[in-house]
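In the part that follows, the structures are each spelled out as structure tokens.
What follows is subunit A paired twice: with subunit B in the first complex and subunit C in the second.
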Partner chain A sequence: MFVIPSLILFSAFSFFPIMNAFYESFFNRNLLSLRPPRFVGWDNYTYLFRSKDFWLSVQNTLIFTLGTFLPLLVFSLILAVFIMSISRFRRFFQMAFYSPAVLSSVVAALIWLLIFDPRGLANQGMNALLGTAGINYNWLSTTGMLRLSTIIVYFWKYIGYFTVIFVSGIGSIPDTLGEAALIDGANRWTLFWHVTFPLLKPTTMLVSIMTMIQCLKTFSTQYMFTSAGAPTRPINVITLNIYNTAIKDYRIGRATAMSILLFVVMFVFTWLQLRVSRTEDVSYT
Partner chain B sequence: MKRVSILLLLVLSLALATGVAGAQNIELTYWTHTDDNRTIIENRYIEEFQELYPNVTIKRVVNEAAKMGDLMLTAFSANNAPDLFNLPIEQEYGYMMHYRVAPVDYEAIGYKDAQEMIDQYLAGTFDPVTMDGQIYGLPLELTNWSIYINKNIFRDAGLDPEKDYPKTWEEMIEVADKLTLRDGEIITRRGFDFRYPYYLVAMLPMVEQLGGQLLSDDGKTAIVNDEAWLQVFEWFRTWGPHGRNLGSPTYTSARKIFNMNNNDIGMCLTGFYQQGRIRIDNPEFYDSGEWMVVPYPVFENAVNDVACSYYGHYMMVNAQTSPEKQEWAWRFIAYMLDHPWEYLETVNIIQPRGDLLADPRYMELPYMNVFMDDMERGHIVFLHENGFQFERFIKEAIESVMLSNMPSEEALDILRERIQEVLDDQY
Partner chain C sequence: MSAQKTRSWYVEKAFTLLIWMFLIGACILILVPLVFMFTASAMPARHILRLPYPWIPEGFYWPNFWSGLRGPEGTFIFIRNALNSLIVAGTVSFFTVILSSLTGYGLAKFQFRGRTLVFMLIMATMMIPFEAIMIPLYMVAMRMGLQDTYAGLILPFLANAFGVFLMRQYLITFPDEILDAARIDGASEPRIFARIVLPSSGPAIATLAILAFRSQWDSLLWPLLVIQSDEMKTIPLYITKFMAETHSDEGIMMAVAVMASIPMIVLFLTLSKYFVNTEGLTSGAKG
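Moving on, here comes the complex of A and B:
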């Protein structure tokens, strides 16, 4: 009874759009045209599997996801452990790390566009760090640096968000377990590896699922960077391709087919991670 | 009983009066792009129009020019578009092809028929917005771009702006190199830079100068004359960070910083309207006379003398809005556009109206002769149902060569394949 309102909301705002997108993906419809859409069966899907452009997007998305997912997971855990290990300024650090997450992605991208400008802080910082003078690291130009730039923006934006989740995960572990381990002779390192980390597995799983989904859905940074003059090909991730196919090319059927494929990939990854985590549920009772 | 009847009568009269008034009230939404000078005069036109016709309310919504195309498409695809709007013609063309905009209501704007309206304008003005004998837009402006020069920066580099300005694209590289200042590899002052998103307007003419075309004459084959395209691609490689390092799309837009006269850009490519913006942003620089305008260059081995393409912003009316609103929208458009001199003097945009162009004061405006000569050498921007899409493909090709150092042949093959695929698509 109590879940009915949320079921209605989910059906209206999530399930219906997904089903509608799936239905649309079997049609050829020009976004501008008032003509009725033409049924094309699986053509949009077979086109995508043959399209070099689509596979380049898949490759770009994978590079971005791998380049962002692992550092985000590892460093957010390290930062959470650091925050929980200090008693002073804990709240300050939590707020400081979390603050980029409240910024809109567009604003974040705009801030970083200024930093990555050839005359911006990124070049100045790298030149100061490496003791060089006047080297342009081409943050927004060359393939490798451009991909790294998008990863840095995402890492900066979400590291605090996932750190806070880990902090709450660590906070939910009863102190008695750590105290017992310390009495048994464990040091800080063994306490972390043999007590805290295993008990954090549900949180780690949650963070890894959320991180992966966030990475696969990345859009704003790539959109803003390409709008500001960065080349599209190295960072043409699937979501950007979906946007361009629908909004610039007017091919809404093909764009929805891409969306469905992305949805399937995200669904499979989530399901796999949940299956793996099911055997590792933690209970303190 | 009598009291009840009177009360009912009163309620009915009130409801009827409200209904009638409601039916007469027209609320129009007008989307346009940012331009501070134009905003001032158009807000005044709106006030005047609303005073003349108190039943009409006009809501003017301003969007950033670069975002207008996306916003408009999203609004139209959701069947929630504004009643009237303007966009560059290369973007508006698709809306006309798909009948999303309404034909001009000649009677509403005070003309007997189409011919009477056509006669008031420069020949060919309505060609880009004519389909199946119907005209779908009224020109807000017809614009072409030439090269603006900061004379101080030329002199600072030991050049005479009057004599040493670049006449060819090859000279452009040499002159820009002399004007450019760098801190190591980082450019602190550019000699010149392009307006990168607008490849159909500013870059396709470079290909055409060398005998190349985007599509064959029958419109069925992508990319004509590979050599012309490859030469232009290589020119851009030389221009970019993998060549002489003279500019790049990742630097701040040259046109935007030109007005500030901050010793960071020597030349930029823009239209007559830039003068109005310099006047607002930096009146001292505007009055100093330390800027000038010169023609769009050509390649040394050019086979065609083609200048930058001109484009139009046409006022259009949403075909899905009610006939009554369409009629009022056309009336309002006609009211606004009936101030061609004010648009020219205040906003520096040119309506291609015969009376305006024939006025002796017109050619006396600063550097108008340069713009008019370039317009004569140019042609209307490439128009195609998928033009917006082709421009994105060209952008990707050039930026892959310029910034990612992709071989020009590979970039051209990808460009050809992508455009051909669109042309071959039967949908």
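Moving on, here comes the complex of A and C:
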């Protein structure tokens, strides 16, 4: 009765496609070819495991994920602790930090494309900061800088989101705990390191896994940058590779096999997230 | 004794000052790109490329917005594309709310055989990331003749496992006495749902509606797969196409960016408390 419409939709758009994906990943279906797809067994997988291109995009995805997740975690925690340690304008700072997340990722990529332009703000800022004149930092052309650029865009867009999550995590810790510690002679650092941080562990875990899941499926920034003319290889992440393999090369079977591999990795992370959020409740006794 | 006290007072003040400086610095850094977007949208391209960047526009340069609206071919396709985005995001968010609250209500308040199984199945779909099934889903959509249609953009996103989860968690605490009282008064089940359950789940519904609306407004990958014609494109697709065709005029690009962001900015300024619902995120699978 109440649950039937949803169940039908879930079956059609979640269960069926994932089953179908397992099935298709054993065929060599080509989007344009009229010949019926042939069963190829594990060929798609063995092809991928031997393909340099595939491993490059695994590497790109890992670099992007680690390079985004660690700074995001550290800085959003710092910002949240700082926000909670001041007594005024807390809401203002939260809103300001969160504001980039309001923009769509396409718009965010568009803004940063102009900032990373050779004549753009990124070069002007770096030159002003380092006291150099007219150096072009090649934000969108050399391998390392291009990777860094995509990380910056993502970091900028999500820093506020995770700060707000940490703020509410800190907010849920009873004030009495901090007061007790202060009476016992703790300074700010020991208070943070021995009281706040351990109690934030579940929030930290949750934020880490959520960030990693988000980063593993990054697509928009890389797509926008490459279609604006940036070289594809350094930022050819898995999702971009899947998209190009299926839509530009028409190799559905191979793209599906890649999707399945991505699915397995993300399944583990999501499962972890659900486990962690289940043990989220900390008792403050 | 008192000397020590004043010293720790100074340390404390210096510490607070540092924290404020750090926060204000971070705030400026984070807001710079946004300020850049707004100021650049009001400048002709030749001003944007001046070194150093002139932060204050000399008057408002309307042609940027006009050219953005007209589009590269002068067909005003942007308006159509913006409407598409509104239609898709609005429909998805409306039906997500209805379906999620129906399902969540059913799972929270009714005993039936296989209830746990149904709940587990729905939760399991949360572990299937969209990016992993998009290609098979695309094949399904093609077979159903959904490419280049609103249905193709909308249908796959109606059933939202997170939405079901959120509504179930919210409704599980809803007092049974009220439902029983309504039943005794002779209200039918659909009526109880529409008149009692829905109106009292305001905050959860608002959170879910905004979440669904935003993710559709932002969506790029799926529309890239299913949409071919210019008429059916959504705003993100318009922007990518616009960028590829006229990646010369920075002013127009920023004007388009501003226009694409206006609905979200308005939503954020009016309903900001529903944007990050940390309760929905962190309240675990209790019960």
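One rule holds in what follows: the second predicted complex is superposed on the first by the 249 of 285 C-alpha atoms of A that agree within 3 Å, B and C clash if a C-alpha of one lies under 4 Å from a C-alpha of the other, contacts with A are read in each partner's own complex, and residues count from 1 in each chain.
Please note the rule applied: contacts are C-beta pairs under 8 Å (C-beta built on N, C-alpha and C of every residue); 3 or more make two chains touch, one makes a residue touch a chain.
Model, not experiment: these values are computed from the prediction.
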Under the stated touch criterion, which partner chain does A:L199 make contact with: subunit B (first), subunit C (second), both, or neither? neither
A:I151 contacts which: subunit B (first), subunit C (second), both, neither? neither
Tell me which partner A:I135 touches in the superposition: subunit B (first), subunit C (second), both or neither. first
On the A-aligned overlay, A:I252 touches which partner chain: subunit B = first, subunit C = second, or both, or neither? both
Is A:A80 contacted by the first partner subunit B, the second partner subunit C, both or neither? neither
Which partner, subunit B or subunit C, touches the larger number of subunit A residues? C
A:I170 in the overlay: touching subunit B, subunit C, both, or neither? Say first, second, both or neither. neither
State whether A:R119 touches subunit B only (first), subunit C only (second), both chains, or neither. both
Please indicate which partner A:S227 is in contact with in the superposed arrangement: first for subunit B, second for subunit C, both, or neither. both
Across the two complexes, what residues of subunit A are contacted by subunit B and by subunit C? 117, 119, 227-229, 247, 252
Which bits of subunit C are touching subunit A when the two form their complex? 15-16, 19-20, 22-23, 26-27, 30-34, 36-37, 40, 48-49, 51-53, 99-100, 102-103, 105-107, 110, 118, 121-123, 125-140, 155-159, 161, 164, 189, 193, 217-218, 220-221, 224-225, 235-236, 239-240, 243-244, 247, 250, 253-254, 256-257, 260-261, 264-265, 267-268, 272, 275-276, 278, 281-286
Under the stated contact criterion, what part of subunit A meets subunit B in this complex? 28, 30-34, 38, 53, 116-119, 123, 132-136, 138, 140-143, 227-234, 244, 247-250, 252
Note: in the complex, subunit A contacts subunit C through residues 1-3, 5-7, 9-10, 12-18, 20-21, 24, 78-79, 82-83, 85-86, 93, 95-108, 110-115, 117, 119, 121, 124, 156, 159-161, 164-165, 168-169, 188, 203, 206, 213, 217, 219-220, 223-224, 227-229, 239, 242-243, 246-247, 252, 255-256, 259-260, 262-263, 266-267, 270-271, 274, 277-281
Hey, which residues of subunit B end up touching subunit A in the complex? 66, 70, 73-74, 76-77, 94-95, 97-100, 182-188, 196, 241, 248-252, 386, 388-389, 392, 395-396, 399-400, 403-405, 418, 422, 427
